[in-house]
């Protein structure tokens, strides 16, 4: 187990190096010049050169890459080029709101999706099943943008059930007042594909031999589904959640933009628009690391749900 | 198992569980900014929104009267408006004693009084290369000895704040005297700019790189809470001495002035205890938040919703019933499209550049062919007036009699002009070629991140197609657009300018030859223009200078380095519980002059 | 036997499957048989005979698209199980009637410990508490012969060997003392030595618990060892049912006769195996002379393998690799025109030997001398010339032909690669010839593999090898997946071709009877090493090694009058 | 057996269905699949017709007033139609005379004469359009049709490229294993360890804007899933006996990779392709919302939705509905077709 974890950690190094290279290549090579944004509405070439010098973007590429690598390993990405705020502080303050939205989304969505999926998988082939699948497919086909525009207008404005947008410093208030509408939207949009996916997982399991064994033992259908099938289907579901988890931290930037949620997703969009390299680099590298750790975590958790997994 | 995962995720959740202090009977004003702020170090910012916040945190030497129109300078921390001395090259001001900075841990519990040296320090900061001040240019070639100091700092890497220069003379604890390199009768306007404000050196040095988050000034408010790009909270500065509304310059016939005076006269300002500002960039949520009474003000109603708010030019009955009032403001700003005047763009021939009659004709024809009527009618929903010159109404030097028919939408004349100079379709593909037969293709760069820019580009594309000119609109990142315009990597691109101070000079400098590569994005170089511009700069306000301005504008029309766009009209909405509202053309915020009827709001929200 | 002695009566059972909207496929076409009390009854048939479907129908364990007409009845204690309510069926399943399946690995739930899976049945049907059930599970594991049962209850299925998994299944099945145990091919997936143990276990339990067993199998040899009564099925109908003695001693139906005769026997080696047609046409088994087999002094050697080794590496630990030797130091000679049989249980390395010597795997060590050249040392280019001369026929007829190729493509591709045939026409012509030679119609040329049965596909695979005119043919379990009747045909074909083209065979199989039948020389492998090599008759009559003896004694002997008596 | 043998060319050639033919047969039997296919084909036909200029050619023509009402809402008040241009601003003053400084002054006369000859045609703008008009008074129905062209084109080409990248890399990794696999897995890990949306934004931020860029971004970021599946498929097939048999007969690596295995993995690839078309059509909307998309003289469903963003509040719902519904209709059909394809193509179900 320990050896496995260490080996996995060791294997992260080349990937991380690749991420660093990719990001560096994208932003320092192909990307724009941040000095211009910082220079303001009037600036002469000398001033720009001065800014470039201060940002270090006048250094040779290899040197900038070296600085980047140092930043990665000291966890110090310095300050945002556009706001001068410490990058680490930006990330820390933004991650809260994003998670306030995305964690409920994940929890509720997963529970609903699993519950519905097991239900429709049980009645597979029936009219109910087919109807739900058609509804899912249709629901998936409408653009998220349409949902947001429409729901904000309808529930926020026309019906006034929720505030149109906003965020406060109080966690409970955010969760109870500001989060419900975006959370609902995200669940509504995310549920359909998850449901379809989980249904296929359940169907896959239902056709396994051990299910026949369970039936042959005389187990009632409910127990067959809820114990034998569910437990096995949890394995692919867990993988799926593992894939989904890193995205949790990015959040849905569309939601964050429309509902004025000061989250990470919106921050990323802004940073990208302003070529705020320290922020983008930090977000990307940290999220890549986080993703790798989550993958490791998920793999370790496999052991808990799937005894066949051994740490070789 | 998935439950465990989520539990783990919940544990990660940084929950700022701080409970909002119950604002009992506090006057809390809530509003949105349409763009996110950058920070609050006054010498290091240039965007209206950050500067707007600084207006409340800091105090310049001079300011503008709240109600006076046209705008009028009044002393703020200075005791009086100084007279120009030494032929417009010296201005001496005395700071009122006893003005205190807001409390800050840096002061270690002591009260800190504002002194002349703080002004000197702040102005030097504009030229410290370390600060990368976007407004450094206003003190370039301005104060005696400052340029040299800046040059030395650029070389040594350290700005010598101790060095005494003749341009910034601190005569005693309260008196500061500015010596200018050459006469400038607009200099006092600089001293009224909301970011030309004194700061305490010990505070700046204590906070180092974090000065954006620690604005310590003498203004009526302090920054209480700041969640970048999402929330700015201001609260009353207990150290502030307070203001009184000045009724002298108010226009008794003006409804807004009357209402403001009624609610503010005799009261000690500011009255609002707390201001909460939420930057919301998208129009729909910003608009809906106001309609939902989540906000008390709506600054700059988005053009898209104008007909909802002001159908047929009058406030909608729904809003009227709520008691909402709309303040219509002609801002001292203008939008324009820049033609690149260089002969080459990125090594290739620039079809619109140059000063030959054909190229002038092409630019003029494009201007005539551009459907400005629809720009105003459709895109701006009538909330704009066609610019006749770059100088907007309300700015000193504005000439109401100046009418530029060369900027009107007139497709027949555009086509005729193109035909006259040989821009005709030779190969029959429906597009005009250049006079020498080479294909004509014009590139228009616009900001990829803005729906409005995209629509303006769309209009360009459509308008040019109508007169037979092929125009390709190219979306670029905002950052790149700024850069491309500065270094001349564009053919045509959109721009806008808002007055830093209310004088035509602030607009006309945009075409001054030596400014090429900085503010002169067109890279326009015309000797006649440059000579006239220099002359205007050395003249005080008066008919003589106005005549020069008129000549400058005529040259602009004739050579057409720009297509003049519009002066936008903004409509600001307020609920009836917001009292004392009036919008100032130069200053962005007015919190310190507002009052709030908390009871009325509570009643309306119920 | 009187009716009252029948535990279960199947009457006119018909099962059909809905294939799509318009088509149904009738798998069972009205069969009837009885299961007496305290007896073992075997349901025998080849694939597609409907034997498993019939058994599953009894407990309602058929897939959703199965349809059973109302006229069919399965009477259990006077109750028609086909019409019983789901709750009633649930009460019977696992309690009165329980099942064990062919694949123990997939039939056990991989994520629960075996003790839990056994205990589940006990709690459900016997009303035991979790604790009681756990204790009883240990007893049951002990009863089915799992060593260290107290520890093993906590094991997960994958931690057990295939034989142990099947024992767990049996423990689960007998947990509630059922009256009937349905065993659906319970030993087919197991090695022959394990098969023997499991058969003995089932027989022992049947006796001990006085239960009836419905034993489903394709292997008459097994039937002879375990059953009292036999039902022979073919294509969804019962061809014959009788006592085991009657079946073996005086089979009535030609199909039964064919099944008995088609299978190679250890004691005889006719030149040609009787095939099913011989019996259905009523001609009976042809009297054939014995084929002499065995290596003689001075037989020319075509292929010599010296010290062949193959090791696989698994990643392990921090940076470690674990070496898993699959073949260790194997040396043998293949004589021209002769057959070398390679037997061993799964994991013995016999298939690896075949793949390695033709360089489908890279060998770790050793030499393969073909006409004096070490094939393992040749470059890819040099190897190309020898490639065609050693060919292989794989086990699974369904996987060895590219499903997207027509048979024509399959046959002409190797010719094109090796430049056999002057032009396309000639190749087509040769393909037709070969199709004819392996006994397939010429029209097959245009068809796709999925249109053929397993036996036909194996013929196509053989034809493909023949296009290259090879010298050596490796048959890797090539007949193991085929039904006995088809198996006989393919074996006959292989023998004929050997004679005609002077081919040398390396015949790899786990089936000792088949190997004995077709080989001149037999090599027994265990755990990557050669146990014994000898002429085939010698090895069967006089095995020198303990392991060989063990293997031979595990072969089901079929009906043994002495045992029955 | 040689050339002397009489030419003996095939007996009766029975119709023999290959796997594709069988798949098509299964698809034909699937009613939902066929209806979906019909819808998809109809959209493709519409797209081609619009490309060829047969329909919606004049989508850019401003036929109606701004936000012209849909025909079925003819009477409703349309505040947006009243264009206030403030044209009269400053007209009391005399136009400023430039003739003394104007470089064009020498040709004023010619200019005026030519101008006088050019007739001013006043277009009458319709008050209503069949399904309403947009801001400029263009017919949203035509826009939606024309928009399908770009949206489907982007979806199809990007999916095609992503599929090609994913397939080639997946085939290489799955077939060769070892170092090649290690390298490609490394590459794959890099791309997947960055959250997808962040990856798209990062790419979008640095590339020039335009239609080709969208396609490139989507293809460069979207190949990973296909790669993974194709790789798994290749690993699976490499162990299959027919591939071993091909090796045994001496088929080259190339032949084994692309002649033998590829057709057998093609059902997976095809299903992935069609899934990605759907995914990319949806992604185009988001990218257009961020302004990273389609040039201004083109229209796509994404740009329509981005425009429609503020229209709901002012009561002009038709553009949102036209674009949203066309997209939903196509994507639903496409998804259902994908499901049917998956079932039809799966050789297991035989």
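Think of it as A, B, C and D in the order they're written, each chain with its own count starting at 1.
What we mean here is this: a contact is a pair of C-beta atoms (placed from the backbone, for glycine too) under 8 Å apart; a residue touches a chain by one contact, two chains touch by 3 or more.
Keep in mind that this is a model prediction, so the values were computed, not measured.
Using the average of C-alpha coordinates as each chain's centre, C ends up farthest from chain A.
Ranking A-D and B-D by contacting C-beta pairs places B-D first.
Averaged Cα coordinates give chain A a centre that lies 25 Å from the centre of chain D.
In this assembly, the C-alpha centroid of chain B lies 41 Å from the C-alpha centroid of chain D. Annotation: 49 Å between the Cα-based centres of chain A and chain C.
One simple way to say how far apart two chains are is to compare their mean CA positions; for chain B and chain C this gives 85 Å.
Residue positions 282, 284, 288, 449, 477 of chain B each touch two or more of the other chains. Counting partners per residue, chain D has 205, 290, 306, 309, 312-313 as the residues that reach two or more other chains.
By the contact rule set out at the top, the touching chain pairs are A-B, A-C, A-D, B-D, C-D.
Residues 14-15, 18-19, 22-23, 26-27, 30-32, 134, 137-138, 140-146, 149-150, 153, 157, 246-247, 249-250, 253-254, 265, 268-269, 272-273, 275, 280, 283-284, 287-289, 291-292 of chain A are the ones touching chain D in the complex. Those residues of chain A whose C-beta lies close enough to touch chain C in the complex are 3, 6-7, 10, 124-125, 208-210, 212-221, 228, 231-232, 235, 305-308, 312.
Note for the complex: chain A touches chain B at residues 32-34, 36-48, 50-51, 54, 79, 82-85, 90, 92-93, 95-96, 99-100, 103, 106-107, 110, 114, 149, 152-153, 156-157, 160, 163-173, 234, 237-238, 241, 245, 248, 257-262, 266-267, 270, 273-275, 298, 301, 304-305. Chain B meets chain D in the complex at residues 282-284, 287-288, 302, 304-305, 307-308, 311-313, 355-357, 360-361, 364, 372-374, 376-379, 381-382, 384-386, 388, 400-406, 411-413, 415-417, 419-421, 446-451, 454-455, 457-458, 461-462, 465, 472-477, 528, 553-555, 557-559. On the chain D side of its complex with chain B, the touching residues are 60, 66, 79-80, 82-87, 89-91, 93-96, 98, 101-104, 106-107, 110-115, 117-120, 135-136, 205, 208-210, 290-292, 295-297, 303, 306-307, 309-315.
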